[in-house]
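Take a look at these structures.
One chain, chain A, links the two complexes that follow: it is found with chain B in the first and with chain C in the second.
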Partner chain A sequence: MPGLGTSFGRGGATVWLPDLANADCILIEGSNFAEAHPVGFRFVMEAKERGATIIHVDPRFTRTSAVADIYAPIRSGSDIVFLGAIINYLLTNENYFKEYVAAYTNAPFIVSADFKDTEDLGGMFSGYDADGLVYDFGTWTWERDEKGHIKTDPTMQHERCVLNLLRRHYGRYTAEMVEAVCGTPRELFTQIAQTLAKNSGRDRTTAFAYAVGWTQHTNGVQFIRTAAILQLLLGNIGRPGGGIMALRGHADIQGATDIATLYDSLPGYLAMPSVNRDEQTLAAYLKSQTKKTGWWANTPKYVVSILKAFYGDAATKENDYCFEYLPQLIGDHSQLVTTIAMKDGVVKGYFCIGQNPGASGQNAEMTRAALESLEWFVNIDSYDNETVSFWRREGADPSKIATEVFFLPAATVLEKEGTMTQTSRMLQAHDKAVEPAGESKSDAWYFNWFAKRLKELYAGSTDPKDRPILDMTWSYEHDDPHERERGEPSTLKVLQEINGYYTATGEQVVSFADLKDDGSTASGGWIYTGVCPDKHTNHARSRDASGPYTALNWGWAWPANRRTLYNRASADPAGNPWSERKKYVWWDAEAKKWTGVDVPDFPATKAPDTPANPDGLGMDFHSGADPFIMMLDGVGQIFVPGGALKDAPIPAHYEPQQSVVENALYKQQSSPVFGRYERDDNPYNKPIDENYPHVLTTYRITEMSGIMTRYVPWLAELQPSAFCEIDPELAVSKGIKSGDWVTLSTAVGEMEARALVSGRMRPLRLGKGKRVHQIGVPYNYGSMVALARGDSVGQLIPISLDPNVSIHESKTLTCNIRPGRRAAYHEDAIDEPVPARERSSFGQPLGRWASAGSGAGQRQEGEKK
Partner chain B sequence: MKTTVDLTKLLAHDGADLREHVGMLPNVKSQRTQSLKARISGAKAVTSLCCYCAVGCSTLAYVSDDGKLLDVEGNPESPINAGHLCPKGSALFGLTVNEARWTTVKYRAPYSDRYEERPLAWALERIAQLTKKTREETFVRERNGKRVNNTLGIASLGGATFGIEENYMLGKLMHSLGVVSIENQARI
Partner chain C sequence: MATGFFTDTTLCIGCKACEVACKQWNELPSDGFKFTGDSYDNTSELSGTTWRHVAFIEQMSVDDGGLHDRWLMSSDVCKHCTNAGCMEACPTGAIIRNEFESVFIQPDVCNGCGYCVTSCPFGVVDLIEKFDPGGVRYNLASLVEARREEDKTALQGHGGVAGKCTLCYDRQKIGFEPACAKACPTQSIQFGDVDVLRDRARKRVETLTARGVSAELYGADDVGGGVGPLNAFFLLTDRPETYNLPAQPVLPSTRQPAGYSSAAIAALGLAIAGWMIFHNE
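Here is the complex of A and B:
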């Protein structure tokens, strides 16, 4: 989550979920909080009961909108205009939190005179290389004095200080522009801007909540950046009832980002070495990755500790701690780029574990077709799914598909022990309730088996390329005899290794401050250090919810059990609470330490009046009033210098790759640097395409996730099949009634679904009288298996990616719609959903489903008929 | 919630259970009703987690003496969910106990039009051998004069639906094999 990372320092929600109840106002945008995270939403409702104003901005009127105090419609993909206009409103009306902004952000910093803004260059920033479709970041930097110190203007009057740059950059983002581009009535917009301003400041705080409605865009990272700037201007970061709640989708998606199974990341947000940064040796890598100032000055300690955790005694100072064992990145190896490489025959073998890209992938048909190019494919899951059964999908000829396919049955969460990290960065352990069904095994079991077997297969090898496998430490024997006999590894021992230990004694490391770069400590993921501070303690299993609402003895949140990040900012520069009402963490002058209801996210005894050392290294460079300890300069970044983000130092509105209107703000239509992969099997609609005149947006529904819900009878009865929501005006013009089959199309493909004609989707009136219809499609279904079925909307979505993180643009597309089913419809591919009025609450439909949803053999027989 | 607490205070006098009374007198109960027990009464309650969204609701899985799953409910002690679950979480039982679930190895041979049942041990060994074979064929030590020590021939996908320990094990193993395309659902 570099949108948050480059603004504040860490790629995680800044908020402890229950703390939303303390907000005076909550802006929910890019999320249907009530339906997608229903239980978390209770804290929004509690805030509302306490008098908070709830605002929902969304293309669709949802159950979140229904309980909001203010609902504002918006055209999908136009959020930077909406948020940018609020920034403009705050600056124009001098409604921002001046003391906070001056002390805790880089608003007073002076930007280099060489930097040119979008206002100067017709929608581009300086440094654009039109041939390479990339930016050179040389001018995205600060003006420095002769000693190399950044020039600042604490009064924020200098014309090139960040605050004034911001004024100019967003000068044309007005309420009128919002109405013309977003389709949000200007009065409604102004009411929202006023509400945010009124509910922020010393005595009041506003929280933002978003989900993938903001991330899945070619400009997705910049959506979040705009929100981050806004929250810095309003002074809401690090404070109770404030912050930015990033609502993450999967149960352990935060954990899978932290302890990264992401190509470019090692656990703890350390970068994978890359040939493109010439990180060939440990020294070169550390030089490239270590920051001189701020907490990241500690990078070498974390890198050496991870290498010690991976390679144990084999990792020595003399051999650079086996740094060369790590493979080097040679480019973008992200999922969809890998899918393209797979289709082209580069990838031969593929492990897919608990993910169903054959339905949920973008350009889903290409994803499925790519699997045909593999030599072998391994799927670990609990159910048959569209990915593993790609070879028998509609239109495929198995007799021409050479791929060898393995399905390994997976235990469910109830059948294994382990730990997951939820959306507020909190680790919670779960115990094993029952034995895995049949031959099912935990994923840990499989990984443990493969690791041990591969060690055996490579035993005795003298080839240097095999050293990593042979030297990899791997001893996770379960202490419980029953589990040991089953071959189940001890996840506790894995967690203890992630936490870290002293290599000489094997004792647990208590804090990441104790990690060293001399090989005396090992830690598989420094941000989790502290969760298992000794062999007998696992804070992820702490289950005492007594005490204040921060519940510090329930689970354990990284880093160091801090619940609200950057909470030093909940006190003023002198260390006193901004107000009694918003007291959270403050300086106790008598005890000479920070204190409060949370663990201070700050050096515990660093006094607020500690001066910064302008020539200091690491944390010495920060003063006692610099709350953003991970950042180079200790402050929140309104302007992101130096190309930490590849598309913009301050967010600018570009239309999605596929749009229905020209960019009203700049000549540049869409992001000049988005990841473009146009080819025959991944065609794009034209930027504005008369054949695809409607906006398509996607979302998830309460009762469904994907394969994990589509087989569950109770849920399948609630949401049996794919549908699409269309507004009544469009429905009448196309002759479509609720319940009719309709076919949606893009250049990539077609999908069919039942129409749900609903006032929840509303036509928008944009500038120049342009009337726009938005169509909403749930992103939960797949058409091959399970009780709840339907075409996947992934079949309509081309692969076009954000330039920073290679996330796809699934939230805004253009499409066409026509009544009737799609052409290549296969008669028994989809069961006819039973219309609601014919459905008895129990009985017949469930019986039919039960007989349809059984083992593999039966399903194959059924299909041969 | 505030209202519940107030109501309880108002009505639950002399320690009487609110549920036993409506009005002034104890509720009338048949003998059968009196003898009924909750499905989960006496069952072991195991603390687990909901595996759907990232809110992190704590659950209690009720297990019978002979190790069968009886029900899954929200854990009232959790500061996150305080006993609540959404429709998905409330249906967790059906994710684990489900006749449509595949609990054995399925194998589809090249060019075949069907899955076959195969022993787990056979499948694991075959996968391990294929992994080694593909690694041997595709491992690259140097590219354009630079050490890369990687293989583009193997890729891994998934992570957000399983635990952090499992993510760590998978990442450690894949990195050590030289795999660089290691990805999960968290692409932002």
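Here is the complex of A and C:
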């Protein structure tokens, strides 16, 4: 999310799925698009049918590779080298889109003379504090003139302009380096670089698609940043068939970040107040968060409106709109960090809803053990799962576990109404198809009930600390008598509140441009304003596919129903389409407004020749040719200044925390600032560890998602058991045949799985003749319940986190492998189902509980009966 | 009007949505949970209760580079032959050609003799074993039971009969396309008027050939062996055997004249021999 946000302004895919069909080339990297998003993949197939070149870069030859025109193998975790080398290729061969880069990016900006690059400091940027393992961002800034204006060189000749900084920074990222570090044959790499260059420019566009293959690394945000730089250089952002498609795995992942299940964010990408930024009062918070220039100058309107939505009439100008009711961050409260805090007894209670961290969590056994330390644990799920059943897992003694467990039945998606925001930022409403089974309730029902119950319990209290609960607005009574009787809240009313309303009249607000910072408007998430412009309209229900291919009356995409973000960039600085073929949004000089097939992502009547006011505030600071309206300076960020990202202003390649090779580019082995949580119950393999000589990578497969699918016999028969994919060479050397049991190990623990030996896994030849085997393990399984089952790969993964978003490094690890099962237990329930009462719970305690790191080798094959 | 499938394997992404949609609509049980270790194929073949099956064929070169590596995927199904071996062999008249010219097994007429199983040139038809409605493996049995009371055509009861693709007869009757074609996200499975599909398929081969892809149709025209054209035909990029399709399917009844003639000749020979032996006495 910040990878895209800091580059372009918003943490969402810049494009929408059907637009991929308009691409001339699609680079899929960090994603197994066809398998993980088969329905969206139809548009890739359509692009291919129209003649586009499909490129897939992946550690494994997958179902995506099978239909791609070009497949390139890559060592997991080395993508910045691959992408950085393409950047180098474009700059060296002057193959980038010069007019676009000069006008729409910060390439001409001049960087402060105090800034030192990784080339100068052995892989570090200036400002590193080795004690705190953090950067001071003072030097990551621009050179300014005496008036404080950023110095630029429109000719991009200045040695410290961003473009030349980029040339130097990626100078050693060559095709040879790609071959040595990524294992991708250099000819293949060059072919891909040429193909991208050939399919970008005025007349052609290339789209990128990625998913968690790029995010789940200790420097995952920087993977996405590299792609963002590349797409800016190629001039593909904001244009049809271009952009970056951030593929979200689950149906509503985009919605979950928009309306803020993230601990550090309020709905609409407003920051949660933090004591570390001295944001204890509204004035201090707004001073800290409001940007002087660009669209975020409007921050106060959105903040006051959200407080009015939360606290209604109680929120007044005099009491700072109840700002002090909001919790203040005191540190990293992300999920895995909180899990560690549970284990340590700091956190006493836990609501776990809609996920199964006991199977899919990183260091899954630690997660399960952490639950033992809780006083109470609430799990709301549709199925029995490895998390809620932690107390009966093998190795656990229920009589010694004091955690009080509440297991509440959840309605599935078909059993409830609501709105989801899919990967194209599109809101789509859905109805309830059937009544929930038994006592199951929707998640909304539970929160509605909790809120009302809490209000009841605190009613009449005069204690000031209870005011947030008492003042919280809460009126979501369902209009349907049947649903009201069942206690289901109206999700439509929730959406209407998110959309926003005038506090005096209760009328809906039509556009976020109408939101005010004086308490006259309320909005629970400003980016969704416009989806319910009046009480009788819900655009999330729109299902009219007529009109141009953008089908603007089908669903509703935030912001303001714009389908392609930053689409001002689809026209040249003068406002004309870059080419007839790639016409999308342009300036209509007669009507004096922006027009096209999409909603312009730009002030509707701001002419392209509007000059920038260098001393102006808000949008006045931007000219009529600055397409990235959310940014301070209105342009795409090749260099991200000022510490908006904590690890680098320009991406540099670091090896994952666990690797099989030394960093060939810098002395610095892995990210100097990644979130390190090494301890006895979360041990790390050494950076290069002879006990763990193979690369391990994880992913999901089409047939399975998780606990939802593992119970479905039709899906379970398709992929019934945890497996790992290994190459024939490794299989032969270890005496493993396809279908055999094997055991994988890391310092964290062990797992067993069926071997799937396939030529699709290919050993890589890296620099200095090093031969590397990569082992792939699907993430979908858990061992305790359901029809499809097997050890969870989460048992192998230590908690190590990206410094920006605390995402875990699950995509690249090191491991060892040996034939045989890891421990004898009840003959497997996968081959022949056994009645529940006869099933054993599973496995032996992991090796590390006996002695950390020595699990491998202690348990021999042959224990299997 | 004859309806059928055009399965274009160049568009298949192996997602198996067809297998799942088929089982869901037709309320078929799973065939068990066996990990085969054979690519991503764990259902292995068509059966009495698996009416769509996606084959995965890995063609990986041994040398480095792998520029010509292929992973072929193809969704197999009953071919709904012009001359159907199963239909000819059925002694009870359970197998009929319906108004969509699909080959359809009427479960309430089928007596489970299994003659159709050996008579299918493609090995498609199979007997559905008797199953225990209470078993874990068949936990859909209650659904099946409920459906059985109201509609006997779309389900296979409690087994003991022959089963195969119905071309979603029940869906077609109400104007819906078959579940597999509906679920296919990439139009690898196309449903419609067979004549239209054949034209489309021939054009598709031309398009692919122009792109340098070697493609051929299987079953759009007479496949030989007396089977005739297939109402469910395929576009392949390798030889049929690669996809486990017979290169030369044979309708068993085409061997009858030869078989009967041999028997007649043998009988005649024996008669003559017998006459000679006994005549001489």
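FYI, the second predicted complex is superposed on the first by the 822 of 865 C-alpha atoms of A that agree within 3 Å, B and C clash if a C-alpha of one lies under 4 Å from a C-alpha of the other, contacts with A are read in each partner's own complex, and residues count from 1 in each chain.
The rule is simple: a contact is a pair of C-beta atoms (placed from the backbone, for glycine too) under 8 Å apart; a residue touches a chain by one contact, two chains touch by 3 or more.
Just so you know, these numbers come straight off a predicted model, no measurement behind them.
Enquirer: Of the partners chain B and chain C, which touch A:R453 in the superposed model: first, second, both, neither?
Expert: Only chain B; A:R453 stays clear of chain C.
Enquirer: Please work out whether A:P38 is in contact with chain B alone, chain C alone, both, or neither, and reply first, second, both or neither.
Expert: A:P38 contacts both chain B and chain C.
Enquirer: Once the structures are superposed on A, label A:A66 by its partner contacts, choosing first (chain B), second (chain C), both or neither.
Expert: second
Enquirer: Now for A:W558: first (chain B), second (chain C), both, or neither, which partner does it touch?
Expert: So A:W558 meets neither chain B nor chain C here.
Enquirer: Looking at A:S721, would you say it contacts chain B, chain C, both, or neither? Reply first, second, both or neither.
Expert: The second partner, chain C, only.
Enquirer: Identify the partner contact of A:E703: answer first if only chain B is touched, second if only chain C is, both if each is, neither if none is.
Expert: Once the two structures are laid over each other on A, A:E703 reaches both partners.
Enquirer: Tell me which partner A:V757 touches in the superposition: chain B (first), chain C (second), both or neither.
Expert: The answer is second: A:V757 touches chain C but not chain B.
Enquirer: When both complexes are superposed, which of chain B and chain C contacts more residues belonging to chain A?
Expert: B
Enquirer: Where does A:Y549 make contact in the superposed view: on chain B (first), on chain C (second), on both, or on neither?
Expert: first
Enquirer: Based on the superposed arrangement, let me know which partner A:W594 touches: chain B (first), chain C (second), both, or neither?
Expert: After superposition on chain A, A:W594 lies in contact with neither partner.
Enquirer: Can you list the residues of chain A that meet both chain B and chain C?
Expert: The overlap between the chain B and chain C interfaces on chain A comprises residues 38-39, 42, 702-703, 713-715, 718, 787.
Enquirer: Residue numbers of chain B touching chain A in their complex, please.
Expert: Against chain A, the touching part of chain B is residues 1-2, 46-58, 61, 63, 67-69, 72, 74, 77-82, 84-92, 94-115, 120, 123-132, 134, 137-139, 141, 143-144, 146-188.
Enquirer: Across the complex, what residues on chain C touch chain A?
Expert: Going by the criterion above, the answer is residues 11, 13-17, 19-20, 23-24, 29-40, 42-43, 58, 60-62, 64-67, 69-73, 135-137, 139-140, 185-187.
Enquirer: Can you list the residues on chain A that touch chain C in the complex?
Expert: That would be residues 34-35, 38-39, 41-42, 45, 61, 63-67, 71, 73, 185, 188, 701-703, 713-721, 723, 737-740, 754-760, 762, 765, 787-788, 830-835 of chain A.
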